[in-house]
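Note sheet for the following structure.
When the chains are written out, they are named A, B and C in that same order, and each has its own residue count from 1.
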Amino acid sequence: MNLEVMIDSIPRLLDGALVTIQLVALALAIGIVLAVPFAVMRVSRRWWLSGPVYGYVFFFRGTPLLVQIFLVYYGLSQFEAVRQGLLWPLLREPYWCAIIAFSLNTAAYTTEIIRGGILGVPHGEIEAARALGMSKFLLYRRIVLPGAFRLALPAYGNEIIFMLKGSALASTITLLDLTGVARTIIARTYMPIELFAMAGIIYLILTFFIVQAIRAAEHRLSPQTRPPPS
Amino acid sequence: MRRITLGLVGALALTLAVAGLVNPTSAGDKVRIGTEGAYPPFNLIDESGELKGFDVDIALALCDKMGAECELVAQDWDGIIPALLANKYDAIIASMSITDERKKSVDFTDKYYSNLVRYVAPKGSGLDTSSVGLAGKSIGAQRATVAASYLEDNLADVVSIKLYDTQENANLDLGNGRLDAMLADGLVIYDWLKTDEGAGFDFVGEGLSLDDGIGIAVRKEDTALRDNLNQALAAILADGTYEKINAKYFPFSIY
Amino acid sequence: MIDLQGFGAQLAAGTLMTVEIALAALALGLLLGLGGAAAKLSRFRALRLIGGLYTTLVRGVPELLVVLIVFFGASLAVQGVARWFGYDGYVEVSPFVAGVIALGLAFGAYATEVFRGAFQAVPPGQIEAAMAVGMSRRLTFLRIRLPQVWRFALPGLGNLFLVLLKDTALVSVIGLDELMRKSTIAVSYTKEPFTFYLAAAFIYLAMTAVSMIGLHYLERRSSRGVRRAAP
């Protein structure tokens, strides 16, 4: 182990960690915006609402993220129509390709997580809301979704960590995220173990903070499970 | 409980041993040669899954001359020197430039061909390859190559450098317009320009000499192997084998 | 349909390799998971610490890095151990072994939690009953706990296997000729990334679907004779 190389690499690795955090945060944000309506569609009794979402979720949960990234980045640009199309300024950039692939991927998993939460909301609460004459929209907004989010939080915490770890694949499409920076430094120093270990430590620290943040959020969102103030 | 734990450890050892996964081999009974397999026309993998190309032909000719049994191992480029150092194979024949930077970690044989690094851009782009002309452009190169090092050392503040795992992926992105230009080995580009994909592109600017030719890398302690390779190299250069291989790929001498 | 331009046989070979590596990593991962759970539930602090360290480290680091670290580190580590025993040749750790170890480690870390949960899901009443009839700790473990752990752990392990199946794609970065790498080779030869990555995606989907059917069957089998509350 060459400690000097490990320590010297920290500032550049932290730059990469910043890119990683950006990628993950943006992808998670887009993912959740997509996942909420998808989850509501998924639990619908109308097949033309639930069917397409089921197919989408099956595809993105059933194929490796690496394949999805390559399909978006290298795959789409195979077509002249895409390269002349409106979306090309976006699809041209590896950054946005990573965001698109990550968002679609995390949205698929999040859809299932929220669906689980929706199904876990006690029937009694929904019946009570109906009895009060709430509209379907109000019912979802006031009763179902808040309850679902609370139930889904632990599983969603895991999803955040999976996304963080999955984001290492951004390095395969030229992005200089944490893993990408490590690989670039290795290209000059030939010390893969030192650099990957250092990057691994930074990932561990990020994971630690996420776990803490999720715990805090769970505590906040579940006042009913806390002991009464004395 | 203890018996179970012991049983688990035993079963684990057994899985690994029975599957023949860890097979100790003594050094010296064959030469393992690492190459990349994504760098046409020097090394690539065809539709039958076989490695071929100029580097592979040279490797086989050298093994023939040395009377050694050889095994070719495919390895991604950015780990090709670390994998040599980690003993995954004994020599790298993968169009590797001889540079002082690499000589700190590995030894090289004499060169087996020469190259210049060149810019390539869409035909008629009129790209100016001075640092002023390149300002703000997206320039691609393969990670862990002399071209990548050159961009990082000289143009990092001026251009947006995109580093690829393989030359092939850089080619794809130049072809589909993600890159304004690419910096790569002139001979590789020469070959690519002849493909459908490369038809709309051409060299721009002067070639850069960034290395002391292309050589075979070995671990520093393997001096005997290096000397054997040098002798074999001299032999195939002398007896016309090299010339024949050269002619298969290029209509001019690349030595 | 998709024109594979002569690369069909290569993709098939890659698929086979993907299945092989997934099954080998599954075997290793199950052992590591059982060992990890045993460590975490152990009476000894040191074992609990090791178990905790293992799951925290492996679950907090990207699988891609685990694969790369094992690939570059394993030969050096094995060689170091061999030196220590006085063996002076080189010991080869092939991409296949490195991949199986890396994926097995990752699977094992998550499986540790699944098994731990499953061990604890056995109702304490049954344990007390076993003790009341005079069973030793070991006998209780073998006769009461272990047979039920399988049933409680199966759904969790099934999900982990589906994750493992997809993670095999990461082994392509260390040069093992599995499905993803074969697809990449086909792409560099044909310049048709969309065609081949899509073909790979469908093959992964098919493998996932087959695994899901198999898991469903196993789950039904493992819960034979379990009484369910009337709906």
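The rule is simple: a residue touches a chain if its C-beta (ideal position, glycine included) is under 8 Å from a C-beta of that chain, and two chains touch if they have at least 3 such contacts.
Here the structure is a predicted model, which is why all the values come from computation and not from measurement.
Asker: Make each chain a node and each touching pair an edge, then name the shape: line, ring, star, complete, other.
Answerer: Its topology is that of a complete graph.
Asker: When the contacting C-beta pairs are counted for B-C and for A-B, which pair yields the higher total?
Answerer: Output for the comparison: B-C.
Asker: Measure off the straight-line distance from the CA centroid of chain A to the CA centroid of chain C, and report it in whole Å.
Answerer: Their C-alpha centroids are separated by 22 Å.
Asker: Taking the mean of the CA coordinates per chain, how far is chain B from chain C in Å?
Answerer: Chain centres of chain B and chain C, defined by C-alpha means, are spaced 33 Å apart.
Asker: With chain centres defined as C-alpha means, what is the inter-centre distance between chain A and chain B in Å?
Answerer: Distance between chain centres: 36 Å.
Asker: Which residues belonging to chain A are in contact with no fewer than two other chains?
Answerer: 74, 77-78, 172, 192
Asker: Could you check chain B for residues that touch two or more other chains and list them?
Answerer: In chain B, residues 79, 82, 169, 172 touch at least two other chains, as defined above.
Asker: Could you tell me which residues belong to chain C and also touch two or more other chains?
Answerer: 68, 72, 76, 173, 187, 191, 193
Asker: Inside the complex, what are the residues of chain B that reach chain C?
Answerer: 1, 4-5, 8-9, 11-12, 15-16, 19, 21-27, 37-38, 40, 44-49, 73-76, 79, 82-83, 86-88, 166, 168-169, 172, 175, 196-197
Asker: Flag every residue of chain B that touches chain A in the complex, lowest number first.
Answerer: Its residues touching chain A are 78-79, 81-82, 85, 101, 105, 140, 143-144, 148-149, 162-165, 169, 172-173, 176-178.
Asker: In their complex, what parts of chain C are in touch with chain B?
Answerer: It comes out as residues 5-7, 10, 13, 24, 27-28, 31-32, 34-35, 38, 42, 68, 71-72, 75-76, 78-79, 82, 87, 89-94, 96-97, 100, 137-138, 141, 173-175, 177, 182, 185-189, 191, 193.
Asker: Which of the residues in chain A end up touching chain B in this complex?
Answerer: It comes out as residues 74, 77-78, 83, 92, 94, 172, 174, 183-184, 186-188, 190-192.
Asker: Which stretch or stretches of chain C touch chain A in the complex?
Answerer: Contact set of chain C toward chain A: 56-57, 59-65, 68-69, 72-73, 76, 162, 166-170, 172-173, 180, 183-184, 187, 191-195, 197-198, 200-201, 204-205, 208-209.
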